[in-house]
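One structure follows; several queries about it will come next.
As written, the chains take the letters A, B, C and D, and residue 1 is the first residue of each chain.
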Amino acid sequence: MVMRKIKIVTIGGGSSYTPELVEGLIKRKNEIDIGELWLVDIQEGKEKLEIVGAMVKRMVKAAGLDWKVNLTVDRREALPGADYVTTQFRVGSLNARIRDERIPLSHGMIGQETNGAGGIFKAFRTIPVILDIIKDMKELCPNAWLVNFTNPSGMVTEAVIKYGKWEKTVGLCNVPIRYEKMSYEVMGLDEANQELYFKFAGLNHFHWHRVWNRKGEEVTKYLIEEIYKPENKGKYVGMKNIKDIPFNYEQIADLGMLPCSYHRYYYITDEMLKDELKEYSNHETRGEQVKKTEAELFELYKDPQLDYKPEQLSKRGGAYYSDVACEVICSIQNDKRVNMVVSTVNNGTIIDLPYDCVVEVSSMITSHGPEPINWGSFEAGIRGPLQLQKSFEQCTVEAAVTGDYGKALQAFTMNPLILKGKITKDLLNEMLIANKAYLPQFQQKIQELEAAKLNF
Amino acid sequence: MVMRKIKIVTIGGGSSYTPELVEGLIKRKNEIDIGELWLVDIQEGKEKLEIVGAMVKRMVKAAGLDWKVNLTVDRREALPGADYVTTQFRVGSLNARIRDERIPLSHGMIGQETNGAGGIFKAFRTIPVILDIIKDMKELCPNAWLVNFTNPSGMVTEAVIKYGKWEKTVGLCNVPIRYEKMSYEVMGLDEANQELYFKFAGLNHFHWHRVWNRKGEEVTKYLIEEIYKPENKGKYVGMKNIKDIPFNYEQIADLGMLPCSYHRYYYITDEMLKDELKEYSNHETRGEQVKKTEAELFELYKDPQLDYKPEQLSKRGGAYYSDVACEVICSIQNDKRVNMVVSTVNNGTIIDLPYDCVVEVSSMITSHGPEPINWGSFEAGIRGPLQLQKSFEQCTVEAAVTGDYGKALQAFTMNPLILKGKITKDLLNEMLIANKAYLPQFQQKIQELEAAKLNF
Amino acid sequence: MVMRKIKIVTIGGGSSYTPELVEGLIKRKNEIDIGELWLVDIQEGKEKLEIVGAMVKRMVKAAGLDWKVNLTVDRREALPGADYVTTQFRVGSLNARIRDERIPLSHGMIGQETNGAGGIFKAFRTIPVILDIIKDMKELCPNAWLVNFTNPSGMVTEAVIKYGKWEKTVGLCNVPIRYEKMSYEVMGLDEANQELYFKFAGLNHFHWHRVWNRKGEEVTKYLIEEIYKPENKGKYVGMKNIKDIPFNYEQIADLGMLPCSYHRYYYITDEMLKDELKEYSNHETRGEQVKKTEAELFELYKDPQLDYKPEQLSKRGGAYYSDVACEVICSIQNDKRVNMVVSTVNNGTIIDLPYDCVVEVSSMITSHGPEPINWGSFEAGIRGPLQLQKSFEQCTVEAAVTGDYGKALQAFTMNPLILKGKITKDLLNEMLIANKAYLPQFQQKIQELEAAKLNF
Amino acid sequence: MVMRKIKIVTIGGGSSYTPELVEGLIKRKNEIDIGELWLVDIQEGKEKLEIVGAMVKRMVKAAGLDWKVNLTVDRREALPGADYVTTQFRVGSLNARIRDERIPLSHGMIGQETNGAGGIFKAFRTIPVILDIIKDMKELCPNAWLVNFTNPSGMVTEAVIKYGKWEKTVGLCNVPIRYEKMSYEVMGLDEANQELYFKFAGLNHFHWHRVWNRKGEEVTKYLIEEIYKPENKGKYVGMKNIKDIPFNYEQIADLGMLPCSYHRYYYITDEMLKDELKEYSNHETRGEQVKKTEAELFELYKDPQLDYKPEQLSKRGGAYYSDVACEVICSIQNDKRVNMVVSTVNNGTIIDLPYDCVVEVSSMITSHGPEPINWGSFEAGIRGPLQLQKSFEQCTVEAAVTGDYGKALQAFTMNPLILKGKITKDLLNEMLIANKAYLPQFQQKIQELEAAKLNF
């Protein structure tokens, strides 16, 4: 197959993740012929960008490739003519994440950087920025694909497609691939041969899956038993960033499908909260841990001898995400029609959810984008919580776009991880004020809140 | 219009409510010509039945009517040829309700006799009994209408229609009429002239409504402001049995529709829980209060001079329910086509919910039953919680019918008032054991649980 | 109830129908207090407008009413501050209708002024005009209700609501009321007492209905047998303007619902076509007959003594339409909540059809407009043809709005009364050219067609 | 991959098609390891079965394979332990097909062996037989896959899944693959490299498709122009068995998708009918032609030297069907996840059609069966006719299963190729009588019809 040289732009290129992404691209050098790779970050991230950029250049060189690696803090310099724009930026840096986690915990609630109050505020900070990026893309690279892994990935993808009207968007996450690997491990089968068939459906960090073997037998029930039966506790490990506290087995068995790690926040909130409160008092919330790991990683990246992804990066969370991201690019570029789990427009794939919303589903990735495998309908035990979650997401995205306070409060009220009552509003207000620097859409309300505070 | 004499059978006839029902029937003596009125109760309730029955006979006599009032503890004696069977029984008596409320509170959760863990167990106790009643009705009065006000009214109605296949069923509740009266009060308009037009939709104890005036203007927004703006606190009173703790105003305003009292359990759970915990420690939970009121009422009912509904009954809760119940019977009997809010089959009235489920919606009550006014779709802020609630109800009803423990645990896990984690299962188990006498469908599981307890 | 004086504007006021409309208004003088009645027509219709206008003034005077009756050929003079705008105009006059019927018949097809090729062209001529009227209404009477009886009523109503964005619109037709009267006749019951309950659903001139009696028994099956069994042929008469040629009884019985007269065009096309071809060769198509009747009517109307609706008008077709139109106005004005069949937005009333399309369904007419009674889903035998018809309507309306030739040809191809093949296109082209004067949206295509013709 | 020996049973094994199927199996000998191949036919077809069977044995031997080829007229002998049952039988033989075509044509209607009156009767004859086969399969080979190519393939597949409750069913047709090949031809691209991506959706013989190239560009519009623009007439050939009479180009262009050959019956009925009437008068209807071809083929098959598929078979129609059939078996057997177009359960793939109906859509063929690629919704121009067609199919299948005459007449009335009126019923009656020997479900009605005929 003849390949043309492609241009990839990575927004948030100064992230500690970047070496993993680049490793993934290098691994696929025979499938995608990269001409230019642009790493973009903001002025405040310039130092990190330069450290990571230098390291990336070393990696590319070590691989014997002639890719032009460019660094910039002006995304408009990078975007012209891009084929793929990948996004992995974090508005407000890890400090914002730490606030997202610690403020809710200070009120006895799980913050959770994607699904709880923290996730709502991550959406509030991120969506205005990504919509600005889309504006630039419309002007500078109107044919590019947007490959988004900025969290909350599902909501950000929905904002981009529904409000930004950028259809060539694929939202990604590394959770599904982690669960595929776990199934192979449990079954003792070889992943390389694709001996299992997976069907995922739901939303980002809120999906379920079924599994079949080569003989056409569904092995979902078997996997539920093996992984979640009380007597098998600890035998298999899910996401590294989420504690493997046991589910209530009979409830999982009743679902008839395999949950993901994030369901722990909803299905066993009590234990998860207790665990996080312990981290909170030890200043070891996930954000705080990642901050430490990142500092270490950047120290490593500074080593002018290092020209490969260091082992320590795997502790960072987000493992396999390069596999997912690079594979999507590869599959679009080469029309590989690989079966992957992505966030994309529903169009009736899950008929329990609105036609025009974004869902996370198994899809065939073609050169014209994801073609979802049809799912149909869920049973009540999954359907209701899923529908609530999507409605919650839609209120969150709408509030993020419009800056409507009532809608933000509605999103808070709908979220199962947030306590309900005056506390809901108090938490929202406190977080609005704490995120003042990153929420242009809520400025008027924040000023009112601050004024009211002074008056007390 | 020529009327034929009709036969009404009231199951749970020994209830303290009965005089209100009979008062409603007497008030409509010109519209429905009653031949026989049968009050049915179980053996354990015989004493109460006799007290109430004697009182009812006095009321009928005082009204100068020749209705034959019959009392029995054998429903099969009462049912033959019935035109209307009304149900208001309580399996396990008020003691069961007290347990439904106190056990969850002992674990820091709202029990709530219709929507929380208490409501789930009320469904578990009631549904097997009502399905037995339906079996008798199929044999003894195959043309009768079932008018159900046994709580949880929506779930019981769904069980009767979906599992009992008894289509001639109307589920009732007195909450909507209370809110209609409140709107008239706020607007300063006359209810008798029907100067407002109401549209309700949702589920029993989980519905929203819109209101229009005679000029065709929607006054919903105005009513939200008048009733729920913080400065108007205390101005208007909702259901007597639910504390008027203020909602978060901006969240209610964002709904764009009027909520019902029961939404307080979901929207301001924190305050409601604190209030109930206080009642719990004072042994003043709703069930305990009602038990006292009932004892007083029965003392009054014993008075051989009393031949009218005593004032005190209005404290009992359930006010206006006779208006609703008697008006439904009247409207069916006379094809009055009155616009009322009832629990009936969805058939697409609310397209966000399953086609074959039971919803509570404004309907025209005809001689062939309720014809719901079309509703369509809800916005995300209402849609998600409503879809969750219906899925929760469907799991609950399925567990009630099948006795499936996993399904019961799923229902518990889906309910927003129940804490999630090991505590979910502990609570379910404790309540199963406490309700052992009333749960034939769960006997095997209860025995296992008891055995496991002994082994500890 | 206190009434305020209202202003009614009738577009197409020079129609021979107008006296019937005015008779209906006079009959309801105690319910609607009219201040002004404006009759609007176009310059070409001025003579007729003056004849009818004079007659209407005599009728109003004879009724002892002080309504101000105004005539104008400038609708912008009439519209300011209107409360109700009724539309009954006919673009291209009866000559256009005659062409609509005769051109298709000349090719061996039923033209049909609402459902066939004729109906498509009536939509093509009417929709641009009504969208212009809406523009004026937005400016001059933004609170008015549009009460449309211009045919094809369903498609015109859909265009007004979907493309004109005028929500305060009710589409009307006299077919349902005709069938209600027929049911009363068959059952030997009194219409005044509303002893039957009707539920209609479908599209304009393409609906089915079910009927119940006071006892709550469905009498639909009985009515199908009585009206359509071969042995009862001729016993009951449907619409005067449609021949009572018998259906295939077993097919109607299988529907399980009562059809309307217009279904003859689809269910027994062969006989209907033969009958129309006879009329065609005798120059007695419906349009030609109506033209004669109209000429006679206008002669009568000229009589300065005539101050009441003459008997002959009933031959005109459209009987009872004043009952429908005036009753809708009355019910909106007084919030009467009457149960009527109107064209209104679906919103899921019939879940087999698009959510945002216009359907013709039984509705409660309130002061804020029609509230449809929920219908749900149809069985396959009705569902398929109904879905086809709505899709056909949507293509027709889109073609009428955009002037897209391919879309017009698609609408022709979808219509069951039009033959398929080269003939489809030939017919479309011939009718486009014949309607040149009334189709601004298709001007370019028509010029191309004319040029191509010259070149042959 | 280790393969186990599989057993294939072909019902209708005496068909002239069989050598093509066997050729396809031989071509895939490295992918599917066949142990036994059973050819089953009925007693009347024994002679043909033996001719074909001998020929098949020669083919297998010539390929150097050790498959056991067995012939039987008792399917219960063949079925035990089967892995795949393929069905290609024809109830009533080609004589029935000739009647299916000629009787409608004698009344001026297209008979059409799958979509018209002929297709309805083919369904009536076939469905009772295939439901009997399913009964045997439940008993004798409960794990087998049913691979159906008996026409009308979509309706037969729906009957098997919905009424026979045999979920392991795949319905096949060779039309989609023919159109894929045509696209490759038009684009000048290589099929082997799968350089185009196809998405088909609709029903058997009633589907549309879109096409993309390797760069991710949709080429559908280009293909429509190339294939259907009047100036390109005759450049490309569709199905051999359907005349390439030109569509109305603007109508096809408006669809925005590529039609299939069978759409000619609906979109250009007039020309198709004229053409068939010519064939009718020359005794050259499709059935009559095929009968001749078959006779010639069987003469060839008798040649004891012939051990390969003769060239003449390609004239027979149904070309490439072996590719489709064998590829499905291969893909199930080896979990190849090939993208193919099959008839399978909708489950919301096309949301315009009922959830539980059978549709023909692009699917990934896995070892647990087809996983359809999600489609979503169609535009009005396709949606309406498609919904009508599915409703028609559902009435036909229901009539075939129940023998309900009203339902059969409804199906006839809904079919666009059948004239409407008394003629509809006359045609139905005549065909019922002509098919008396093959319609056990309609026996009573047929006897009534015959009795009524005698009485005239």
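Keep this in mind: a contact is a pair of C-beta atoms (placed from the backbone, for glycine too) under 8 Å apart; a residue touches a chain by one contact, two chains touch by 3 or more.
Being a predicted model, the structure only gives us computed values, none of them experimental.
Chains making contact with chain A as well as with chain D: none in this assembly. Mean C-alpha positions place chain A and chain C at a centre distance of 55 Å.
Distance from the chain C centre to the chain D centre is 44 Å, each centre being the mean of its Cα atoms.
Residue positions of chain A touching 2 or more other chains: none. Chain contacts here close into one cycle, and each chain has exactly two touching partners.
Those residues of chain C that touch chain B in the shared complex are 197, 199, 212-218, 332, 335, 337, 339, 347-349, 351, 355, 364, 366-369, 371-377. Per the touch definition, chain D reaches chain C in the complex via residues 248, 250-251, 253-255, 266-272, 352, 380-381, 383-385, 387-392, 394-395, 398, 404-407, 409-410, 413-414, 416, 419-425.
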